[in-house]
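As written, the chains take the letters A, B, C and D, and residue 1 is the first residue of each chain.
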Amino acid sequence: MGLMDQVELPKPVKYVFNWGRKYSLWCFNFGLACCAIEFIAASTSRHDFIRHGVIPFAHGPRQADLLVVSGTLTDKMAPAVKRLYDEMPEPKYVISFGSCSNCGGPYWDSYSVTKGVDQIIPVDVYVPGCPPRPEALLDGIMKLQDRIQGESLKDRIAAVRRDPANIGAEAGMALDAQSLHTAAPAELGSGG
Amino acid sequence: MSVLARRDRALTPEETEALLRDRLGDGIIGSTLAHRMFTVHVAPSAWVDTFTRCRDEPLLDFDLFDTLHGVDAREDGFDVVAILYSTSTGNRLCLRTRCEGGRDTPVCPSLNDVYRGANWMERETWDMFGIEFPGHPALEPRILTVENFEGWPLRKDFHLASRVAKPWPGVKEPAELDEDGNVIERVPGIGDAPGPYVLDEAMAAQAIALRQVSAAIDAAAGNEAAVASAEPTVSDATMPEASAPASGTAASTDPAAAADAARTADEQRRAQAEARARKAAERAADETPEEQA
Amino acid sequence: MSDLDVREQLLQGTAPGEGLAIELVGDGDLVTADMSLSIGPAHPATHGVFRVVFEMDGERILRAKPVIGYMHRGFEKLAEYRDYRQIMALVNRHDWLSGFSNELGVALAVEQMLEMEVPERAQWIRMLMAEWNRILNHLMFIGSFALELGAITPMFYAFREREDIQHLMESATGGRLHFTYNQVGGVKIDLPRGFLAESARVSKLTRSRMPDYDDLVLGNEIFRGRTVDIGPLPTDVALSLGVTGPALHATGLAEDSRVTEPYLKYGDIDVEVPVGRNGDAYDRFAVLLGRIRVSLDIIDQIHDHMTSGPVNQKLPKMVKAPEGATYVRTENPLGQLGYWLESDGGRTPWRLKMRTPSFSNVQAIPYLVQGQLLPDAISILGSVFFVVGDIDR
Amino acid sequence: MTTVIAPVATLLPVFAPAESLLDTGGTVVSLLLKIAFITVMFLVVPLVGGYLEHKGMARLQNRRGPVEAGPAGSLQLVADGIKFIQKEDIIPGAADRKVFAMAPAIGLVATLLSFAVIPLAPGLFALDLELGLFYVLAISSVGVLGIMMAGWASANKFSLIGGLRAAAQLIAYELPLILVAVAVALQAGTLSLVGIVEAQQSSELFGTGISMWYVFPQALGFGIFFLAALAELSRPPFDMPIGDSELVFGYITEYSGIKFAMFLLTEYAGMILMSGLTVVLFLGGWQPLPGLDLPDGALGVLLGAGVTLGKIMLLVFVMIWVRVAYPRLREDQLQRISWTVLVPLSLVNLAVVAVGKVVAG
């Protein structure tokens, strides 16, 4: 990171840097439940998000840029997710994949389910569905990429420093109004 | 390929019961055959012996330990049900016993020495119902729920916090509507789900209990400051305000009081979750950093 | 202490603190401590959030302690708050690879309590979908097991087939993973036109691609080297632990409720049960591959038997099971899935216990990995097929 | 290094070192040219290899691979590089900071230095050491030191096991690798890599006049060398040091940002290096076909570079193919294969070559 969090980079450099981050989203799949299967489906032949530069080769959090939380987050698991997120190097992005990680989903009234992953880590893009179709994940990824292309790394890191819990909303302020809506449902998933 | 090798020699339910009665005498209380399932009721004192017999009698030969679980038996306490299956005769046998100790201290002898599969099943039953299994090597820590979980979730007097804190806003509540879709008015007892519209006494009691529990946890954690700051740090945007009951539905209760109770319960639940997360973080910090990679 | 004693202790006490205290070994300047290595809860090898703590001497595992519950979502409690219609949409999610088979068990249990006759066509449709679902599940494990051994490609091949089958099932049910196609008294809607022809086509296609897995995985020299005689499981231990499904068949015992306690119309058709030799990782995998072929055979037979007629029963506005209890066991892809349904005559179950295959199968892991090398333990973890949601519910 | 090499070199039968094209002009110019040559070999060619891996793997798995970043996804690895320099560089609190920071550089420098002696075309190389083969083998084993340092310094159990496995692998595979290389040197009569390529151009199959590369008489040696190279690079099926399903990411587990990128670059550069070495030792270097010589002049140099790089990419593709097709071996299986199969076979290979050399005169 170095100086990047202190100085606003000149526009061409910023463009190239954002372009690099946009197309190199090494992805750590926090596969928790059903949605993890659809995540794998999205990485295989028919959908193949590697086309978009989302590389699912990050075996650990240290190499990851994108954390996809797919599935039900339980109270027992929550500290591990938080810790994993903390282990990731900045700048990092989070996609909440599926109803359970968005809000608790079908287990909204369970005694052991955390009501959404955004209670413990900031989320950039929510993909709804139970589970969402792989196409919905692709759409969510493209929305995230649009957002990365338009963002300022300095502002993002400043936002993280200021309020780690609320990064999604803060970072959105630096963006155009269009990409602000990435926090809204990306696409209707399968009702299955 | 021993499967069903001896299906022609499989005992009928009557013969099975007769054989068990012959071996165990008064330990066998009775039997029922309903919904295509044959259940033998066993006294707790004969519980382990019955399983040993079922396993070792050549005529019975129940080798597959299928399942073991608890059932809430209302005021009588708790039942423990186990199901055995014989791969050679194709017979299935359900054995059921009522725990000693009522609802307060339910106790059932452990089958761990008879069937290995009983180990985790009993741990789970303890986790869900709080039934003690003397003879089990280690019921703790809780196998499914989070380690410092309070209460026994599958007991009928354990109400779901979300249902207590956030009444279900829709009109379709299966547990509380009669066949014409009208709200059933009744005094809540063991086994009744808390209704969506009426925050009844049971829930108020639970809210108080939750408050006490979280206070105890906070005291144990010795971190009052965190409790004080718990409210603002939880992002309000992500957690909708404790909703007031839907207007015009709760005729029997004062809406303001209900909303208060709901809010209190909600806060308590949050505080509890915070304390839990803090404890978990402390635990995690004790471990070496690579362990959860 | 002999190996056997250690194993015995392990089976008795899998609680933490038990037998996991670090011991110092050796004397003089060469005193060493055993290392404890925590695999999970988010480790690549555990395909889900399952955790095992290994106590290791070098790369050899002395003891293992599984820690579960990371995916405990309280199904059994939630089922007590939902009516039988809503439960259908809930239960198919605990084993997320076999949604249809999960719903089937609940539907059968309620029907058994109501003593309800299900139309014949509905039964055939249920069997057809259950077998397709079984293939879906097994394909996933073929991919993931190979992935755990370091081969990445079988996963992509498996998903090629899975996408075809999911597309087929989606055309009838509307879901890719969770179908919610069963209902008490039959299935939701009839099959779409041309479904059977499409099903036959996919069946033929899948069958024609099965040799790929024989070549790529089963016949692979390195794969054999990594799995043959790794983690053998004796039949009696397996039964005592309650291990069922492919893991039990691999030990040589063909206990399959489709054969021994036929439900639906399984009694009317031939069901083979592929069995293994000594229950090692290789056998478990071979049984899994064999079961796909058997399922394809069953599907072809179902196509021939399919009848016409209604697919469900007219139900009252609110289904209520009569008072009492029942137990229904079906052959889920991973083993025997049992539903204990106890009702007090109300709209919601009084108690719905899920006896899930993974919960029992995973109990065998400490027994299997003890004394093995770390890579072999990974091979064993992959071959005791489990779904974390199915363990924790 | 030279202080060690020079006295030894005087004892050996010496081919006159070939003249490098890059030596034209003044000292500074030729130095810059050489640096440029090595940098291109180290920074650009591995990217092509990496792109080939992305696309090749994708094609073998019914996928398309990266398509969005740049034309047909060709800039995927560039995007990765740009991203990695922006990433936060995390050093774990428990890590041995100095060693942790040094470790990626050691592997990188070792590979970088090795490229100095790999000839691409007649005259297209930075340096023709009389002891080129010795130099490459010696320096490429240093890379494993970086891996061991990374494994130790990360203060992570997975990393430590990975580092230890890498060390065990090195010992097991260095021996067959060197024994086979010795056989080649024996047949060629030189240790200079340029000399070995030239010797292959003029070598004949048992004096019959049929031209051949060393891959024909030493097919066994070729196989052993390629296997051992895979193991030395920790490529699948010998990727136990990073075996992701067991050790998360092995010795790299704790590395992030630019340091991780260095490991990645080292891995791809290592693939190019080992493939290049195999091409030089067994596949006739820049010669398009056995017995077919390149035209003289600039065209020959360009064509020769193309041929060498083409052969290198072919071998890289084989490595990718192996990765796609095979599961991972177990550490003890690897050791067993090495000590009970490869070492004896490479000795047999050496003996056969020695006898052949004597008989053929």
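We take it that a contact is a pair of C-beta atoms (placed from the backbone, for glycine too) under 8 Å apart; a residue touches a chain by one contact, two chains touch by 3 or more.
Since the structure is predicted, the reported quantities are computational estimates derived from the model, not experimental observations.
Engineer: Of all the chains shown, whose C-alpha centre falls nearest the centre of every protein C-alpha atom combined?
Structural biologist: Of the chains present, the most centrally placed is C.
Engineer: Contact counts by the stated rule: is the higher one at C-D or A-B?
Structural biologist: Between the two chain pairs, C-D has more contacting C-beta pairs.
Engineer: Nearest whole angstrom, what separates the Cα centre of subunit C from the Cα centre of subunit D?
Structural biologist: Centres of subunit C and subunit D (C-alpha means) sit 45 Å apart.
Engineer: Can you compute the centre-to-centre distance for subunit A and subunit B, using the mean CA position of each chain? Integer Å is fine.
Structural biologist: Going by mean C-alpha positions, subunit A sits 36 Å from subunit B.
Engineer: If you average the CA atoms of subunit B and of subunit D, how far apart do the two points sit, in angstrom?
Structural biologist: 61
Engineer: With centres defined as the mean C-alpha position, give me the subunit B-subunit C separation in Å.
Structural biologist: Their C-alpha centroids are separated by 24 Å.
Engineer: Using the touch rule from the top of the page, what residues of subunit B touch 2 or more other chains?
Structural biologist: Subunit B, residues with two or more chain partners: 144-146, 153, 158, 160, 163, 291-293.
Engineer: Would you please write down the residue numbers of subunit C that are in contact with two or more other chains?
Structural biologist: Within subunit C, the residues that touch at least two other chains are 41-44, 69, 72, 74, 77-78, 81, 156, 160.
Engineer: Mark out which residues of subunit A touch at least two other chains, giving numbers and ranges.
Structural biologist: 44-45, 59-60, 74, 76, 80, 84, 87, 109-112
Engineer: Any idea which subunit C residues touch subunit B in the complex?
Structural biologist: Residues 11-18, 38, 40-43, 68-69, 72, 74, 76-78, 80-83, 86, 112-113, 236-237, 239-242, 244, 252-256, 259-261, 273, 275, 317-318, 324-327, 329, 336, 338, 340, 342, 344, 346-348, 350-351, 353, 355, 359-360, 363, 392-393 of subunit C touch subunit B in their complex.
Engineer: Under the touch definition given earlier, write down the residues of subunit B that touch subunit A in their complex.
Structural biologist: Residues in contact with subunit A: 144-147, 149, 153, 158, 160-163, 168, 233-235, 237-239, 273, 276-277, 280-281, 283-284, 292-293.
Engineer: State the interface residues of subunit C toward subunit D in the complex, per the touch definition above.
Structural biologist: It is residues 35, 37, 43-45, 59, 146-153, 156-157, 160, 216-217, 220, 222-223, 225-226, 373-376, 378, 382 of subunit C that touch subunit D.
Engineer: Would you mind writing out the residues of subunit B in touch with subunit C in their complex?
Structural biologist: On the subunit B side, the touching residues are 1-4, 34-37, 39, 63-67, 69, 71-72, 81, 83, 85, 87, 90, 92, 94, 112, 115-117, 119-121, 124, 128, 137-146, 153-154, 158, 160, 163, 174-175, 179, 191, 193, 287, 291-293.
Engineer: Using the touch rule from the top, collect the residues of subunit A that touch subunit B in their complex.
Structural biologist: 60-61, 74-76, 78-80, 82-84, 87, 108-112, 115-116, 118-120, 165-166, 169
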